[in-house]
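Dropping a structure here in structure tokens format, bear with me for questions.
Chain nomenclature is as follows: A, B, C, D and E, assigned in order of appearance, with residue numbering initiated at 1 for each chain independently.
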């Protein structure tokens, strides 16, 4: 998974049947210090994330799997909201 | 998924059986401001997208899944047309 | 899928059983103008492509799927030869 | 798989059901000399890795598979701790 | 698949059950001229490759599949040794 921030949402009327009723979020990948880290992407919302939330998202078949029982045909999903990150004194 | 723009289509007579009847589009990945963001790719059209449309596309097995009931052996598919993107005041 | 050009072939006697009888091609990814776009890769030939052909190739499980009925344990396959690309006047 | 170092852990109360009880680690990818090599990521802990450990992690469906019998809906998992790396005199 | 060179091996006592008995190799991706092309990775050995061998490796579920009958929970596997590469006079 990667860290990200919810920076928007996407509206779409023409889409595959599998995406009906799925909330699509615009995600800005970030690093653990909160800095932008890569290009924005569109992810299905599996947990009810809101604008500005620091989240982590998942790619691939596992993203679709996160939306069970409905398989959604999405390749990215927001699977959790970050409460905190504990940094180790690196070994 | 990623945002993109339909910038062309691909014609091909020699191809795998699974791709028979599948419309193949040339997609330019873009960011939420509409600027180009990465290399063009070829995606199967799952929704009837047209030239110039702002779309979002999906990768991997989920792309193939988007073309059900016919499994197509494609690793990318256009799964929706973008109506609008709402940007949050980032948190 | 991505566009590419067949730039060579690979010979190999020691390989997994699943790759027995599979033709392996060296592919140079290209963009729609024919310019090189990224590193060469090895792809299974699913269609009988020849040296110099402009092709498109597929990644992941879908690549293996393209070789049915034999599942080949390959992560990339040439799935079609390009006849022509029609560029839209971008929207 | 890639080499990495455990540099932290992530706490999260809102997440998919599949991630309940799964320990999430912040991983810094490294090369064989121990230098940072790419962006940090969040991986499920399949083996009980601790802060500062040099580990290797796995992506994709195989990452989820590493957590059996519970399928976790994660796209990355720490699957082993490195004891040592033997470098060959490259051919 | 991608070309690579076996540059080392990895020893690990703490790992997932699925990786028990699996030989793990350190691979340096190379191009067809033998030059380094990207970061090293850890791949399961499906064919008995040795130090210095020029090999090709496979990613994703297909890598795991290459290790049948034992599914290994690895996301990369060495699937063949390169005898020779024939370069075409590019079209």
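Keep in mind that, in the parts below, a residue touches a chain if its C-beta (ideal position, glycine included) is under 8 Å from a C-beta of that chain, and two chains touch if they have at least 3 such contacts.
Nothing here was measured: the structure is a model prediction, and the numbers come from that model.
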Fraction-based call for chain C against chain B, same above half, different below: different
Gap in Å, rounded to a whole number, between the CA centres of chain E and chain A: 31
Centre-of-Cα separation between chain B and chain A, whole angstrom: 19
Sites on chain E at which at least two other chains make contact: 60-61, 63
Pairwise touch network: line, ring, star, complete, or other: ring
Chain order around the ring, beginning at chain B and proceeding next to chain C: B, C, E, D, A
For the chain E and chain D complex, residues of the former touching the latter: 5-16, 18-19, 24, 26, 28, 39-43, 51-54, 60-61, 63-64, 71, 73-76
Footprint of chain E on chain D - complex, ascending: 1-3, 31-32, 37-38, 46-48, 56, 58-63, 65-66, 68, 79-91
